[in-house]
Each structure stands twice: as C-alpha cells, then as structure tokens.
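Pasting in a structure now, in structure tokens, and then I'll have a few things to ask.
Each chain carries a letter (A, B, C and D) given by its place in the written order, and its residues are counted from 1.
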Amino acid sequence: MKRIGILTSGGDAPGMNAAIRAVVRKAVFEGAEVVGVRHGYAGLISGEFQPLSISSVGDIIHRGGTILQTARSPEFMKPEGQQQAITNLSDQGIEGLIVVGGDGSFRGAQALARAGIKAIGLPGTIDNDIAGTESTIGFDTAVNTAVEAIDRIRDTATSHERAFVLEVMGRDAGFIALAAGLAGGAESILIPEVQTTMDEVCERLVRGRDRGKRHSLIVVAEGFAPGMQVGEEVRRRTGYDTRVTILGHIQRGGSPTALDRNIASQMGARAVDLLLQDQANLMVGVAGGRTVDVPLDEVVGRKKAVDRATYQLALTLSI
Amino acid sequence: MKRIGILTSGGDAPGMNAAIRAVVRKAVFEGAEVVGVRHGYAGLISGEFQPLSISSVGDIIHRGGTILQTARSPEFMKPEGQQQAITNLSDQGIEGLIVVGGDGSFRGAQALARAGIKAIGLPGTIDNDIAGTESTIGFDTAVNTAVEAIDRIRDTATSHERAFVLEVMGRDAGFIALAAGLAGGAESILIPEVQTTMDEVCERLVRGRDRGKRHSLIVVAEGFAPGMQVGEEVRRRTGYDTRVTILGHIQRGGSPTALDRNIASQMGARAVDLLLQDQANLMVGVAGGRTVDVPLDEVVGRKKAVDRATYQLALTLSI
Amino acid sequence: MKRIGILTSGGDAPGMNAAIRAVVRKAVFEGAEVVGVRHGYAGLISGEFQPLSISSVGDIIHRGGTILQTARSPEFMKPEGQQQAITNLSDQGIEGLIVVGGDGSFRGAQALARAGIKAIGLPGTIDNDIAGTESTIGFDTAVNTAVEAIDRIRDTATSHERAFVLEVMGRDAGFIALAAGLAGGAESILIPEVQTTMDEVCERLVRGRDRGKRHSLIVVAEGFAPGMQVGEEVRRRTGYDTRVTILGHIQRGGSPTALDRNIASQMGARAVDLLLQDQANLMVGVAGGRTVDVPLDEVVGRKKAVDRATYQLALTLSI
Amino acid sequence: MKRIGILTSGGDAPGMNAAIRAVVRKAVFEGAEVVGVRHGYAGLISGEFQPLSISSVGDIIHRGGTILQTARSPEFMKPEGQQQAITNLSDQGIEGLIVVGGDGSFRGAQALARAGIKAIGLPGTIDNDIAGTESTIGFDTAVNTAVEAIDRIRDTATSHERAFVLEVMGRDAGFIALAAGLAGGAESILIPEVQTTMDEVCERLVRGRDRGKRHSLIVVAEGFAPGMQVGEEVRRRTGYDTRVTILGHIQRGGSPTALDRNIASQMGARAVDLLLQDQANLMVGVAGGRTVDVPLDEVVGRKKAVDRATYQLALTLSI
C-alpha cells in the first residue's frame, strides 16, 4: 500500500490532531504517502483532498480540534454519495482509509469496506461510548475540563442553602458525568444508564447539608435531563437557591491531555501498521496501555456500558 | 487602634483570601490584632468572631473563595440588626472594621459608620462595577476563566453553519463580557449598557461567515438576556445550529490570578494603614498600579461605566 | 477488622489525598474506623495518630500533596524503630495498615507484615516505576505538568539555532520523560533505561533543523544526566544557543488530574475491602481501568520497565 | 499613510500576536494596508515581507509566541544594515513601522526614525522593565506562569528541613520575581535591584521554620544569581535539603492572559491611529487602563525601577 487517506468525522475531540500527526509520520517513515480528507465524509464526496507531509503535521500535537475539520454529510447516507466517495478515493489512488470518529463514523467506514475500500477506525469522541476500547481519543481531556469546572464551583462555598448543577455532554452515555463526578466528588451523578428520581437526588442533598456539607453539586449528563430542568426541580422541591452551569462545547476543545495525545499517537501508528500489512475493517482501541485490534463489526452498534461498580463507588465516597 | 475586624460579604470573589491574609499579617506586623467575622453581616449579628493569627492565614493566598465565607443578611437591613452588630463589635473591642465586598456591602459599612464604627471598604466582586477603582478583587480571575472557555470553544471549528453563545456573569454591568469578549475575539458582545438588536447580532454573524470566518461567538452578559434565549433567537433567525454555554459559578471560583492576589494584598495592607492612622469611611481602590483612597460616599450607588471606546475596539477587531 | 490505619510515605504525589479520602469514606461506609498516621513511618514511631472522619477528608480530593504529610525515617530502618511502630499500632488498636508510597515504602510494609501487621500497599509515586500496576497515583498529573511546560516552550520558536533542554524527574526510571516527550513531540528523550550518546542527540538536532524544524527540544530524566550538563554538551558540540528548564518539584504538586483522582479512589476503596476480608500483604494496582491485587512480594524490588516500542514510537513521530 | 509595516523583535512575549492582529484589523478598518516583517530587523534587511490581511491574523489572538517570529540582527547594528533596511521599506512603500519589543528594539526604531522612517514602539517583553508604561505585553502572562509554579511547589510540604528555590527571568530587572513572589507568598525575593546577603536569606528561612512554616520558598531573578548557586549556598549554610526549579523559557510561552491580550489590542490599535495622524517616534504604553503616548526618546535607556514599597510589602506579608 503506497497511499493512505485519513479523515476526522463526527464531533470534534481533543487529540484528533495527534492521531493525524501519528498517521502521517508513521506512514512516511514506512515509505507510504498520506492524503488528508477535509470535512469528513462530505469532503470525500466533494473531493477535498490534500497531501499531508511530515511538516504539515508539525506543531499540531497540542492543538484542540482537528486540522482536517469535521462536517455533517447527509449525502453519504445515500448510495450515490458513497459511490462518488469511492470513485474519488480510487482517482486519488488511496488504497486504505483511516477514519477517526465515533459510532456513526464507523458505520460509514463499514459502508466503504463493503465496496472494497480497506478501512481502519480510530475511536475519536469525547463520549467514550465505543465498545472494544478502554478509552476514546478526547475522553480524558473532556473529563478533566469538567473536573476543573467542578473544582472552581466548589471554591464558592456559602452558608445558606444552595445547590449547584453542572450539565456535561453525553446524550446516550454517562461516561463523562461519571468520571468527572467521581473525580470532583459530586453528591449526585445523573446519567442516562441509571434511573434516579428527583426525590432521591433531593434527599441526598438535604442529608448532606444536614451532615454539614458546604457543597451540594449535581453532575448531570445532557441525556438524562437538561441541567436547567434539574436545577428548577431541585429549587422547587427543596427551596434551595440553585445555580446551573452548562459546559457545552467547552468540553470539545482545549489542548489534549498527555493521555489523549499518547493513545492517539499509538492508535494512529498502529492503524498505519495494519494497513501496510493489508489488514482492514478493524478498529484500533487501547486496553491496559497498549493498542488492541477489534473487528469493526464487533464495535459498531454496541455501545459500551458504564461500570456500575464505579457509579456506586462515586456515591459511596461523596457521602 | 489595637483591634481590627474583617468580614467578606456579597458574592465570592477570587482574591478575597489574599486580602484577609494581607490585613492580618500587616496588622500583626504593626502591633495590632485582627478578628475575623464569619458569614459577613449575618455573623456580625450572630456573633461569629474568630481571632486570626499569622499562621491562620498561611497557605490561603492561592485559594479561591473566602475562608470567612459570605452570607445573606436580611436582618442587617433592619435597625435592630445593625444595633446588635454594633453591640457585638463593641463587646469584642473591635475599633475598626474592614469590609470586602461590593456596593451592597459598602452600604452596610456606611450604616455602621453612621453609628461611629470606623469602616474601610475593599472592592471585592468579580463584576468590577465599583466606582473609584480601576479593578476589583476577583475581576481579573473571572475574565481569564471566561477567556479560557472561549479559547476552548474556538478549537471546535466546523464547516457548517454554527454559532456559539457564552453567557457570563454581570446583572447590571458588562465588564466581564467586554473584557473576555475583547480578549477572546468574540464576534458579538451583548451587555446591559449597550442596546443591541438581535437583527444586528445576526447580521454580524452572517457577514462574518460570508467572509470565511469559521467561528461565530457571541458573549452575552446575563443582565442583557439569558444565554439560552439568545441562542434560541439566533437559531430562529439564521437557521444556524446554535450551541450555548452558561459559565455560572465557575467564574466565582478558581485560584486567583497574580493580579488579583497582588491588588488584594496591596489593598488589605493599605486598609490597615488607614485604620491605624484613624482614618475611615474610605474605600481602598487601585489606579495605575497603586492604591487610592476614596470616600465611601463617593463610591456607593455610583456604578462604574464600561468604556465605550473599548467596546467599539472589540467590534472593530473581530471583523 | 474495626480499625484501619493509613499513612503516606516517600515523595509527595498528587492524588494521595484522594486515596486517603477513599479509604476513610469507604471504611466508615462499611462500619470501620480510620486512623491517620502523620509523617509516614516517622510518625508511626513517634505516635502521630489522628482519627479521620468523613468530614475530615472533605474538600481534599482536588488538593495536591498529602494532608498526612510524608517524612524520612532512618529510625524505621532499625529493629527498635520497627518494634516501637508495632507497639504503637497495637496500642491504637489498629489491625490493618494502608501504606501509600513507592518501593521503599512497600519494604516498610513488608517489615511490618513479618511482625504480623496486616498491610496493604497503594502505589503512590509520580515515577510510575512500580511493578504490578499500569499506573501509579501521581504519574498522570506529573506527566501533564511536564507536557504543559513543553507546550509553553514550543511557543517560543526562533529563527536562529537554538535548542531547549527540559529536565524532568526520574532517578532510575524514564516513565515521565517518555510519556511527556511523546505527548510533547520532543526531538530527543534521554532516559536511564536507554543508552544514548550525545553524538546521536546532536545529530538528531542538526538533522531536524536542516529539515526546517523550528523547535529542538530534548527531554531528559534526571537519572540520565543533569539538564544543565546536557545543555552544556549540546552547546559545545553544535554551537547552538541552548536553554535549560529544570522542572523540579513543580512535578510533585498541582491539583491531581481526573485519572489520578479516580485510580486513587478505586485503589483506596479496594484496599479497605481487602482488609475487611482479612486479606493482606497485597498491593492494589490498576490494569485496564480496574483494580488488581498483587502480592507485595511480587512488587518490591522489581522495577517496571519502560516500553521500548513506545520509546521507538516517540522517536519515529518526532522526525 | 496607506501602508504600515510591523515587526516583532527581541525575546518572545505572549500577547505579541494580539498586537499584530490589532494593528492589521484596525489598519484595514481605517483603509490602510499592513505588511508584516518576519524575523525582526534581520528580516527588514533580508527583505522578508508578507502582506497581512484580516484573515491572516484570524485565530492567533490566543497563541503564544509571534507569527512574525523574532531574530537577532547583528547586521542592523551597522550603518550598511540600516541603510538596506531603509531601502527595503521604501521599496515596499511602507511609510510607517510599528516595532513590538523591548529597549534594544526601540533603539533600532530610533535609528530608523533618524533616517526619516515614521516609527512607533509597542512595549513587548515579559520583563516589564520599560519606562513610560505600567505594564508591558507579556509580563502578566509570565508572572502568572511563575505563580502557578510556586503554587505547585507549595503543595509539596514536608516535615523535614527543606527549602525551595525558583529561578525566574530578569537579567537586569526584578519585576517578574517581585510580582510572582508577592502573589505566591515567597519567603525571600532576590532581585538585582535590592542587595541581599545570603546570611539574611538563611536567617529568614530558619526564623520562618522556627515559627512553624512548612514552606520555605526563595524566588530569585536570574540577574541576582543563578538559582543553582543560591540553592547550593542555602544548603551549605543551613544544612537544609534544597531543591531548585529553573523556569527558563516556560515563562516566554503559553497562551497570553486576558490582560496581555487586551493591552496588546489597545496598544496596537492606538499605534495605527497615531501613524494615520502622521505622528511618530512614540511608544504606546498603558497607564490606568488606557493607552498613553510617550516619546521614544524618553523611554529608551531609562529602565523602570521596581517599586520598593511593594518589595517591602512582600516581605512583610510572608512573615
């Protein structure tokens, strides 16, 4: 294989640039070329290709976002769109494609694979809801961003009854909420995977306050309920003065943590190795500090579940 | 004067601890004693006094919040409450009182002054809306927190039409929004002091997008309109995919910046100097890097105005 | 078991407080008591015990250092010292002891174990050189601190010949240097485990510069050579203007990352579980995101080796 | 004036990019063009000119370093070098030149001014040692970087005798050391402007330790003495275990603080205003939150003095 393509797709995740850099430099080191595709699958259809050299990925390892950008691509859902993409890849002489993204992005990779394109997926999403890998590129950074927010909120202790609500990302998955809530010592963690009533939440708040806690912090994943709504409910039921923070896209940006850069680098290099060995239709994940290769078919559509023991631990430790 | 009291009042502001530390250490250095009042004016009434020594303010200069905590005090609004506070101060042998807080806190200091208590105010509020001082304790930290949020949001550039809205604090004043918007390069800055129509905002967005801008960021002070509402309006009018971040109390916490620690230290030491010289009913502000003494009567009720030239500059530079 | 002791020993590591908090809260939740030992083994001998309650570990999860402090204890090396420690533990009714520290600290735990004390070790050291665990408490924070330093140095690109040297911790192990060098994109990584001549280092620098690199950064573990000496050598051989940064104890402090807090919390809770099950002489490590129990005898004296493939990857990617 | 040139010179300082952005956008807004000169005076001689448009300064406000880079230029010291620079400026149709840098850079501007080039200086140096301005671009960021380092070191308290030494930049001036030492609560601050004997330093250390201080931190400006030497002296005289951190170029990098971005933006816009009004040979400084125009002749060669009262305050507050 002489020519490898790479695209980033789905929501931005810090560390995607480190993955791009690793793919390019590893490939060049091995004697292959890399072509970047801008704007994800949309660019694959519209033909936004750009050769990537060793120096074009210099000075990007520490930058948030992705130099290749992402985009939505309703066209790629249709057979004609996919056909155009395949034609373009062929015209460019791209024999293998590395897709950095989440579940939806991997479905796209599968579609291309069915048409004979050798595709490798790298899990790039802050949500960490990808099966077959311990962590996804961007997750560690997003969690640290949320924890920093919690730390700041904790500083503002008051003597009167007050509760803080922090809404973090996670439409279907509570990974960010759980990891940030555990690390931040949040009193309640509301995630889509665990049913919790507002009665329970308010009881915990009042109990903590009665035991002398000066903070009452609820971390809620957007997929459980909007933070504003949770704040309103708590106010109504407890009479507490309730303050809401909605982190939003802050979680998608920022310079990636060391961990996110390093797993992205390892995954990127491994993806090149696999393509050069003519292997494909795999996702490169990490487990125990090393890369693991998992068939895309075993990954797509199988959401990873949050660890219930960790959820229980977070509650136990924040009493 | 042998005994000085100190309390923090109103919303938390990073740097209040540096002010407390400076008051205590400077006073002890000059041979006086310091008594801390917990929970602001409420603690003045309920008698929450604690002697503060050199070591009791060790290791606090870098901490957000206030070790003396703040509280609301409806009781202090009434004559009986104030009378009780005065009796308590007299019982404690406290001859001079240093109040760290905002406009409302200074009104309390004035009330005590009318009853013969020597009071000095230190401007401690993230809002920076206090007349007679270039900056208030906590403002610089809050602005940097907001700018960090903007920087992270900027990382997540996308190719499709999207606008970001960041709601920052400021019920009556746009200082945080303006300083953060200028430093962050925000396309629009919505503050209570400047009338802006949503038409203008949306026009700027579309114009910027047409010129190739990949970011469209609106910073809005909560006193202008809720961030959620601004986001909704922009979505409705432009069809853009709009994402809202509400910073909330994140802005009140965090380790204070060097500037906030240093002006707090200078102000605290100056307040002690003034009381030891039997001067009172003054606020200690900063101007040009040095402390200035301003009569409390010239400060209270006179909100500082944002600089229109700076507002204009921010718009000019974000074209 | 009704009463558990805990001490922190060796160099400070961010996350030790999270471990203490987890031990206390988990133990109380399970109906046991916890006694903290101040100043490590020295305090065990001199009898510095303090009961720890749920609230005494409130608001510490995000703080660097350790509330129990560490200390050197030459006395504990002698049989009389150990005998005194055992007597004290017995007097306090402490049936199990949790030791947070590194290799030397675990040797102390083994000595106590031989005398019948049930001991559990938690790997707490920024160096990550403990066998039987993927990561140690404090390592992730130290690496991120070093990476932040690298990022800042990278900003100051110049056109004339210049090389930067960053000395990080690691007397016998290059884990911090390797992880930070990979994440920071350093041109050279000098670690005790890999022999590298200054000729090779300088050749890499010159080659990189010739290819147009604007940065030339060498990360050196203190155990390889002092940073000052490396800088001097590079200057002498290449004629480059060389600038040296020595991070020193900056790496030991700072608020722990989410990962360090979370593994510390998991390990602390697991240690309590083990003691309550009357298990002992184990270290609780992490692997693949979960805790693992490893006999102390398999850990002590067996330094973990850095991954050569990762070292090679770092060099490949920084061409 | 239709065409303005801009260059950055001397050591990098965070905020230089914000100044470049402000100059370009303000100039374009006013109908003028801007040409950037790469590599400072060296590029002026070798002819490294590049037109700067509104979009070429997009997304740089938050980046450390300078997109125009700096360089040394021994050639510019000679008449022939200056003559070549003037010829090049004339060939490019550049009528006014904005120079961002320190004292040495302003001397260059004066030399050009004597040859009829309209020059405006902007104080861009982390050292803050420029007369006529309250603060220089980069100073606030450098101080906050040093304070963050101090905060981290403070976390690692120990029970045995230990002292920390932090070497910060400042060959001739102690501004960074003083501001960081005050904000960080350092026990001793060693700056070129104040004679201090090692006896005094060690006495303070021992006295503080005797009073129960757990930290002993000495901040030393490189111009007073090398940090390593100070550490060695303290070790020799007190027997303390002494640890040294040398910040080095970390202080020159990093994302600029809000303050540095905002004064850079104000100064840059003002410089354009002045040139468009045909004014020149001025430096634009800041005082009291606003820009001030000062003749370059009153600035060059007149180092600003650190405030002795602030120095005394720092010592008083760290008892």
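The working rule: a contact is a pair of C-beta atoms (placed from the backbone, for glycine too) under 8 Å apart; a residue touches a chain by one contact, two chains touch by 3 or more.
Quick caveat, the model's predicted, so the values are computed rather than measured.
Common neighbours of subunit B and subunit C (chains touching each): A, D.
With centres defined by CA atoms alone, the chain at the far end from subunit D is A. One finds 28 Å separating the Cα centroids of subunit A and subunit C.
Spacing of subunit A relative to subunit B, judged by their CA centroids, is 35 angstrom. Chain geometry summary: the mean Cα position of subunit A and that of subunit D are 39 Å apart. In subunit A, 151, 154 are the positions where the chain touches two or more neighbouring chains simultaneously. Inter-chain contacts occur between A-B, A-C, B-D, C-D.
Interface of subunit B with subunit D (complex): residues 18, 21-22, 25-26, 28-29, 54-55, 58-59, 61-62, 134-135, 140, 143-144, 147, 151, 154, 179-180, 182-185, 211-215, 255, 257-259, 261-262, 265-266, 269, 287-289, 307, 310, 313, 316-319.
Within the complex formed with subunit C, the residues of subunit D that make contact are 11-12, 14, 38-39, 42, 63-65, 69-72, 145, 149, 151-160, 164, 228, 243-254.
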